[in-house]
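Should a chain be cited, it is by its letter among A, B, C, D and E, assigned in written order, with residues numbered from 1 in that chain.
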Amino acid sequence: MAAVQAFSPAAAGEAAPVLLDVDGVTLRYKTPGAVVTATERVSFQVGVSDRFVLLGPSGCGKSTLLKAVGGYMRPSEGRITIKGRTVTEPGPDRMMVFQEFDQLLPWKTVLENVMFPLLDARRLGHREAEEKARHYIEKVHLTRAVDSYPHTLSGGMKQRVAIARGMAMEPDILLMDEPFAALDALTRRTCQDELLQLWEETRFTVMFVTHSIAEAIKIGNRILLLSPHPGRVKAEVEGVDTVSPTDGSAGRLEKEIHDMLFSDTGHGA
Amino acid sequence: MATARILMRSAAGPASGEVERARGLLERAWDNGFVRKTLLVVVLALIWETYGRLLDNPLLFPSFTETLAALADRVADGSLPARAWTSIKVLLMGYAAGVVLAGLLTVLAIGTRLGSDFLETMTAMLSPLPAIALLPLALIWFGLGNGSLVFILIHSVLWPVALNTHSGFRAVSQTLRMVGRNYGLKGFAYIRKILIPAAFASILTGLKIGWAFAWRTLVAAELVFGVASGQGGLGWFIFENRNLLEIPAVFAGLLTVITIGLVVENLIFRTIERRTVLRWGTQT
Amino acid sequence: QTKTEISLSRQLGILYLPTHVIEKRKLIESEAQKLGLSGVTTSWVSFSSSSAQQDALISGNVDIINTGTGPLLLMWDRTRGAVKGIVASSAQPNLLVSRDPRIKTLADFQPGDKIAVPTVKVSTQAILLQMAAAKMFGPDKWNHFDTLTVQMGHADALVAMRNAGHEIKNHFGAPPFQHYALKDVPGAHVVTTSAEIIGGPLSQGQFFTTTKFADANPKIIQAVRNAAAEAKAFIENNPKEAVAIYKEVTSDKTPAEDLLALLAQPGMSEWSLQPQGTMKFAAHLHMTGALKTMPASWKDYYLPVAHDLAGN
Amino acid sequence: MATARILMRSAAGPASGEVERARGLLERAWDNGFVRKTLLVVVLALIWETYGRLLDNPLLFPSFTETLAALADRVADGSLPARAWTSIKVLLMGYAAGVVLAGLLTVLAIGTRLGSDFLETMTAMLSPLPAIALLPLALIWFGLGNGSLVFILIHSVLWPVALNTHSGFRAVSQTLRMVGRNYGLKGFAYIRKILIPAAFASILTGLKIGWAFAWRTLVAAELVFGVASGQGGLGWFIFENRNLLEIPAVFAGLLTVITIGLVVENLIFRTIERRTVLRWGTQT
Amino acid sequence: MAAVQAFSPAAAGEAAPVLLDVDGVTLRYKTPGAVVTATERVSFQVGVSDRFVLLGPSGCGKSTLLKAVGGYMRPSEGRITIKGRTVTEPGPDRMMVFQEFDQLLPWKTVLENVMFPLLDARRLGHREAEEKARHYIEKVHLTRAVDSYPHTLSGGMKQRVAIARGMAMEPDILLMDEPFAALDALTRRTCQDELLQLWEETRFTVMFVTHSIAEAIKIGNRILLLSPHPGRVKAEVEGVDTVSPTDGSAGRLEKEIHDMLFSDTGHGA
């Protein structure tokens, strides 16, 4: 059973060397009418090779946080640093899998979409890029659609292309925003397994947003729980990779997190 | 460590007010689009003045101040405002008619395949024709006078507006179309309530281009076409002064066109943009 | 600096026949040669209107242009004498033709009648109407006919005249359009002519240039004058060949005999070098305010090379 | 029934080949855009012919056959093709220069706030100015000849292309922008690899409008402007024949413009569209 | 425990009167390159007040089927009838919640988006429409965003607006394409409960696409299982509403369906 403890900075220190440091970050959107605060003073640290999961209610600012780490937004308060350097702009070292279905380039086929960043950002040769792309497209079971344009794909297929694209880049940090939400149970499991296998091979760092507690436990080694809008850090779960689905400890952790989220009354309305 | 641990985090203190970085007056003024644009216009005027003086050929290209003097003159004697007003009246008629016709053609084009062929073919055929080519027909159908001018204005407004509107309609996402038809919207209601707002950015571009070309055409048409009687508009003003070699007055007329263009862009089109596509996030 | 490559403007038409002859027979080149200036070449640029020619002259893209009296006076006035005439080349009449049986004289025009002119208010024809009005109704009523005028190109106006149903029934034109109208529009008749209004011919085509060019190239100017004289003589002596040149330059398909007949019409062979009727024209323009300085004599706006002529 | 039941369904038999409904030849021909458009053009020609005959005034509006006859004449003697070729050469130069300039301005406008102000202000100010207003400047800068024509062509191509391109860029979805920047694309590479394809429908519309207006302007400019030397282009051809009252030849010139427009639209723009936006599903 | 039976048409007859009849429907997309068959000879019947769930792997043609029922596509084979009449065009009797995030009208605020079909298709008065709209917006916990434009909403918030819009219309048939996929566990449960409660009140018919077997069992009374691309009917589950989450029968059914799907080898690759 997971131990519920009061947070102490020392406890976090045992993890791998810090790669990403989010320190007291407040993120705001300025709209013509008003200023919307998406997250408020969020702090956490992600170590090298962490599989860091963000879990929280809809609209609490998970995507916004991911975008800030991706370099698309500047915090109005606090600082985001990667390897000690402040994040100022996006870059291919932080490959992003977005939540939206329209993240594929409509003018490129599935293969070209996966190959494009390999050629352009990773500067692979054409043959190598194509090989790698085909490899990952196969992993997400899209071989039959390899020459299709995105607008002829189903929602889930589009997301799988984006996943393949992200994984094929084998980046230092992979930022994934609910990548498997549009997938059926079976495909989802395959994709989760592929992701974990890739991690075994290359030990990249991944920041992963999900709505499913079970998925969070399966994918992550650490989970950050966010409170409803505006998102603040509510709790952090460590050592998630020590639980196992076979001995029931995973189920117990899932129930604990579940109860913790559901007991909360402040649902963002 | 063999078990997972949940570490509770105490809630952070109440957020402080946003830390507005102190910013200088200059920097803030620079953030204001209006200030920037005004500056830009001033710089352009300065360039004009300098170039005009260097060239020192007022019969070809008067300096900005000479032009301003002529402008003041002609505004004071009331001739320029009267001419401008004459032009604007005709222009608005032609523009409105052109936009309405473009709307009709596009509605037809969206509704039926033949309509779409028709629009494409007509645009490809007619839109490269210069206004002067339509003159004989205009004369037969509308005689001398504003009727013909309006006809020619329609010719220059219709095609760009129709092309942009049609292309905008065709780019509306499949999902939005399906939503509209889900509501049972059909025909004109569908176009008005779904396609037009969804394609608004494109339509606005068409309207801007149409507006600009209406001016061009009006000035040029009054020139080829003259004025039936009465005093004529800005185009005639320019042409007459050109013939009288009152070049600063010619440039005063052109400056009027420029000024009207700036005012319309910044007061009308910008405002529409701010209230629509920018607010909706369909354009940044 | 002396130039040997001279560029000149041309407008196409029977009015400009001398320029076509000069161009095709290379008269300027040969006259310059005679004056001891060898290697002169000319290039001729077509223009559709006089204002384009004015721009070309002012911007230095052509050296010599050939167009009407109005533009010459205005350019002389606005440039404070920096543009002046060389010689005239044609002074054919403008005819006000009507196919309205009611209209016999200028006095018959009523409000609502429409007179087509090439350009409202500023063309030679429009100014002629103003001069007529000033004579008929008094100097302050000079713009009496302005409200009746309608702007139409010569060709369009002729088409209108030929259409029985068209609202344009009167055209103050130019050769050859006025003659075509008289020939084949039923009931077409002459209401008045430029000669009647001016009391003599009015120069239509004249060469002019900047004084700067003239000062730098006196021999060229002389050559132009000589060429104009020679062209006049050539047209008078060899009308058939002149007409052939005209047809070649303009690709006009009108039969040569018709063109010869046209040239035989009264006043149509007026290719004199001296300016005619220009001072009257200037006086009128000065009265209306278009001309800011009134020239004391036609010699003010003509280069000395023409001063020996009997101009007016 | 108190429990849920899972009912297995045996797989359906192998699907039969697609049941193509038998469709008549006519219907299939009608489905072909080319056939439909050809028919449309034929109908328009018939209307022209009929109207021309009814009007019975070849000096004002010749019938289609008269125009065709004149066209055949002028093609046979080689004059029309030569004129058309002269025009097309200048046109292509001006068009290319205008498009390139529009690209530069838009790149500037996308890159910096001042660039965007500049583009907006310049468009609002200059695009309503008629070509004739630029004539004096063109004469100073480029003299008589093709230089000035190209300059004036640029003026009519630049603004609509820039406006449409800019508006297209501004409408590119936030997600696609983020994807592009995620790849580390910046500056020109970002524009070329992300913005241009994403805004291609809009750019294409701008190119079409620019093309049409380039023709209009060329014909009108040759008319006002005259020709430097040699024989001039289609505009001069039209002007010359108009003055000579060869009205069928005037219409033959216009028909040439129309035909070139149709060919360019259907061979070039359509093909580009089919290979890009239609294939990508960004336009229907 | 659920009984696995061979399908017999008689067994299906016991349901409510047939509302929607999908009979041997093949759906194809024509693309410039090729013809893609999305579903092949799919037949099923939906009774009045059924809560009919479509379950199947990504890309098997669920959305396509829903679009065909919605009237957006014509079958190349077979027939779709509603109350005996062939479906020929879309209409507000079949409100659709699409899978895509861009299904909200960007030029309308959240409130206006929900009100629009009420005013336009259901012809309610303005006050009544606004009241109803606010009611359903509250149900999906979006009251704070009621005047926001769609582009300022998170993915899950957008989908909730679409759900509110669909429910507010209280249509005869509600077609929902993975409406809850972008929602976190808690929000998802609230929305599921709201849907079921609405169903209790108005007994509309709902066709529901989901990837979650648990959700299918919670929402549906009947489940149609589709095989991978091209989608064919694999099995149908009846009497789903007889199982209960408390006595473990729901869990058993979930496992059964899960095993059935996962045992399948023909994953659409």
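The rule is simple: a contact is a pair of C-beta atoms (placed from the backbone, for glycine too) under 8 Å apart; a residue touches a chain by one contact, two chains touch by 3 or more.
Just so we're on the same page, UniProt names per chain: A, E = ABC transporter ATP-binding protein; B, D = ABC transporter permease.
None of the values given here were measured: they were computed from a predicted structure.
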item: Subunit B and subunit A - chains in contact with each; value: D, E
item: Common touching chains of subunit E and subunit C; value: B, D
item: Two chains sharing the most contacts, counting C-beta pairs only; value: B-D
item: Magnitude of the superposing rotation for subunit A and subunit E (Cα, nearest 5°); value: 180
item: Identity of the chain that, by mean CA position, is farthest from subunit A; value: C
item: Subunit A and subunit C: spacing of chain centres that average the CA atoms, whole Å; value: 83
item: Subunit B and subunit E: spacing of chain centres that average the CA atoms, whole Å; value: 45
item: Inter-centroid spacing, subunit E versus subunit A (mean Cα positions, whole Å); value: 28
item: Centre-to-centre distance between subunit D and subunit C (centres being mean Cα positions), rounded to whole Å; value: 41
item: Touching two or more other chains - residue numbers and ranges from subunit C; value: 55, 58-59, 153, 159
item: Contacts with two or more other chains, residues of subunit D listed in rising order; value: 60, 136, 139-140, 174, 223, 247, 279, 281-282
item: Multi-partner residues of subunit A (each touching 2 or more other chains); value: 100, 102, 149, 151-152
item: Category of the chain touch graph - line, ring, star, complete, other; value: other
item: Chain-chain contacts as defined at top; value: A-B, A-D, A-E, B-C, B-D, B-E, C-D, D-E
item: Partner subunit A, residues of subunit D touching it in the complex; value: 173, 175-176, 178-179, 181-185, 189, 193-194, 197-198, 200, 276, 279-282
item: Complex interface listing, subunit D residues touching subunit E; value: 1-13, 15-16, 18-19, 174, 278-279
item: In the complex with subunit B, residue positions of subunit C that touch it; value: 51, 54-55, 58-59, 74-75, 77-79, 114, 119-122, 147-153, 156, 159-160, 167-168, 290
item: Sites on subunit A touched by subunit B in the complex; value: 1-8, 11-12, 14, 24, 26, 28, 32, 35, 37, 40-41, 76-77, 151, 227, 232-240, 242-243, 249, 253, 256-257, 260
item: Sites on subunit A touched by subunit E in the complex; value: 29, 31, 33, 36, 55-59, 61, 63-64, 99-102, 138, 141-145, 147-149, 152-157, 160, 178, 181-190, 211-213, 229, 258, 261-262, 264, 267-269
